[in-house]
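For reference, the structure is listed below as structure tokens.
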Amino acid sequence: MNIHPMSLISEKAEIGENVCIGAYTIIHDNVVIHSNTIIESYCELGVSNHLSQGEKLIIGAESHIRSRSTFYEGSSFGRGLITGHNVTVRERTIAGENLQLGTLSDVQGHCKIGDFVRAHSNVHIGQHSHIGNYVWIFPYVVLTNDPHPPSNVMQGVIIDDYAVIATMTVVLPGAKIAEGVFIGAHSLVGGSTEKDMLYSGSPAKKIGLTSKIKLKDGTGQPAYPWRKHFHRGYPRDVIEQWNKEQLGDD
Amino acid sequence: MNIHPMSLISEKAEIGENVCIGAYTIIHDNVVIHSNTIIESYCELGVSNHLSQGEKLIIGAESHIRSRSTFYEGSSFGRGLITGHNVTVRERTIAGENLQLGTLSDVQGHCKIGDFVRAHSNVHIGQHSHIGNYVWIFPYVVLTNDPHPPSNVMQGVIIDDYAVIATMTVVLPGAKIAEGVFIGAHSLVGGSTEKDMLYSGSPAKKIGLTSKIKLKDGTGQPAYPWRKHFHRGYPRDVIEQWNKEQLGDD
Amino acid sequence: MNIHPMSLISEKAEIGENVCIGAYTIIHDNVVIHSNTIIESYCELGVSNHLSQGEKLIIGAESHIRSRSTFYEGSSFGRGLITGHNVTVRERTIAGENLQLGTLSDVQGHCKIGDFVRAHSNVHIGQHSHIGNYVWIFPYVVLTNDPHPPSNVMQGVIIDDYAVIATMTVVLPGAKIAEGVFIGAHSLVGGSTEKDMLYSGSPAKKIGLTSKIKLKDGTGQPAYPWRKHFHRGYPRDVIEQWNKEQLGDD
């Protein structure tokens, strides 16, 4: 394909060079798609509502949006966005480069996401979430924002760089997940957390240093900070920087 | 749009005045859509199966069904239905007015839902659920029905008026959630509950009166009953009635 | 319908006799669909990626794939596959006969699934899962695989015949769920388990024999092994075999 004849593309949309658009995909007026990007079938980009206020949806270069995904106007994504299928992203989502959003993820908008964030399948990112760089969020994690629902008080969560949130965890309103923290699967976590610590349980308790967790690959090396051993999909300059950090070697 | 030329609409469907239908949407025979309703793109309404028995799907006036939603025959919705994207609603779902169903919600049918119920994203409403009026259900909540799966015994849950069920909670088969109860996030709740009480944990325990929870808006007023302070999206006559109730002021 | 004129079907796809294909469905090159199968609207079958290596997607006879489902190349399904809506199935999923995958289920590929497996709505089957025969998996269950995410270590879960995993449960990497085990709702289960035992909680503990759970149908008979009383949807020869087993009667 290139632009599939069974797609519906507004003449007002700005489509870069070498962009592929699949069958039955709809691109509305206020959409900018940068070069070398793939938009698969059944996607709808640039949906408007009363909150998007006619602002543009910007998709960075070298992106790949898989089928059945819905993006509203008024959001922007740096280069290298990759999504699974059936992703929904509302207005006022501002994301850096190389964001990955898994199948069925649901980004409620009005949030900020850094660079190289990896959200796996079926992640729910509530409004007013602030996510740093190199964060990992695993399936069925919910980031909340209302401390006593329903109300008009909004306390988005803050997740710092390199944090990892394992599957089926609820992050409570206003929680601060510090750099390098690991939240175990099926946890309920709130309040403040300490850097490079493991928390687990419902409600989550501090278990100890993440560096105490050993890799089950036969080496017995620490599994965290994960960037010491896990480099798949990161660019060479990032990995070189990590290699210079001498993490946990002091 | 009004009726998009790339939609497939049965001539037997009854479409009211001023109804908008999006691209690639399919409307089957036994569908009645009342006036001033928006059906977005990629929706399929009136899917039949052996349980729907050819009964009509009725969508009330002033409704808004967002894209990729699937509704079966044999269900009915009062005026003001609003859905997110990718909602699935099976046969024999009988709902009152002003129902909201969030993105990815999955209503399994054979259930009753009152007026002004708000289900957020990714809520799973099992068969034989009975939900009252003004109920709130937050993301990734599952309402179950089989006490020892798999079996032929069905014990749907009952949720009374003004109850609130926070995110990632499982409501066990046959549970009775009383009026004004608040179930905390990531809970597993079963059995009977007492009016206006907070339950939390897995398994959930009674924590105390919901009115002990204070609003984090600087006023320090009780956060529950929520209808004392949260009025967004409700009609004036409902709010006036709530204002007369003098809840918790005795 | 039979083959809807608004579908897009590759001439290279092999479509058996009496196959029905719905509107707006896309069938790519490397797809084999056996006879008497229904593919509903908005499905996309045979999506390719760098991992599918151009191998075929094979859908057995008498199957029914509901709307908006996405299947990659390089997977195969025995006869009688039934899916809900919005199902996603990645490459290298090898499944036996009569698999049921509920609405919004997400099969990540590189896994093996036996005969007569029933996965309900919104089940997440991680890569390298091995699932036996006659297994039941209920809504929002996640089968994981990485013991210290993110890493390159993959420890898929193993689920033996007749096991039942109730709603909102996380099965930890490398867990072995033995034959006839029942995992209660909202549990976090890891490690090894003993045959015909009930486990529940987060983290899950051994509670006792599943046969101690009594049917709430007035008979007071044991609810497990479930195949003593629950036969809906299984073929006669399977039920006759179960009737001969005299389970729990010794």
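Some notes on this structure:
Lettered A, B and C in written order, each chain numbered from 1.
In the analysis below, contacts are C-beta pairs under 8 Å (C-beta built on N, C-alpha and C of every residue); 3 or more make two chains touch, one makes a residue touch a chain.
In this text the structure is predicted, and so the values were computed from the model without any measurement.
To overlay subunit A on subunit C by their CA atoms, one rotates by 120 degrees, a value rounded to a multiple of 5. Taking shared numbers over all numbers used, the subunit A to subunit B interface scores under half, which places it in the different class.
Chain centres here are Cα averages; for subunit A and subunit B they lie 28 Å apart. In subunit B, the residues touching two or more other chains are 24, 42, 68, 86, 104, 122, 140, 168, 202.
Contact residues on subunit C toward subunit A in their complex (touch as defined above): 8, 24, 26, 42, 44, 47, 68, 70, 86, 88, 104, 106, 108, 122, 124, 140, 142, 144, 147-153, 155, 168, 170, 172, 188, 202.
Here subunit A touches subunit C in the complex through residues 6, 23-24, 41-42, 67-68, 84-86, 103-104, 118, 121-122, 136, 138-140, 164, 166-168, 185-186, 201-202, 213, 215-217, 223-224, 226, 229-230, 232, going by the rule given at the top.
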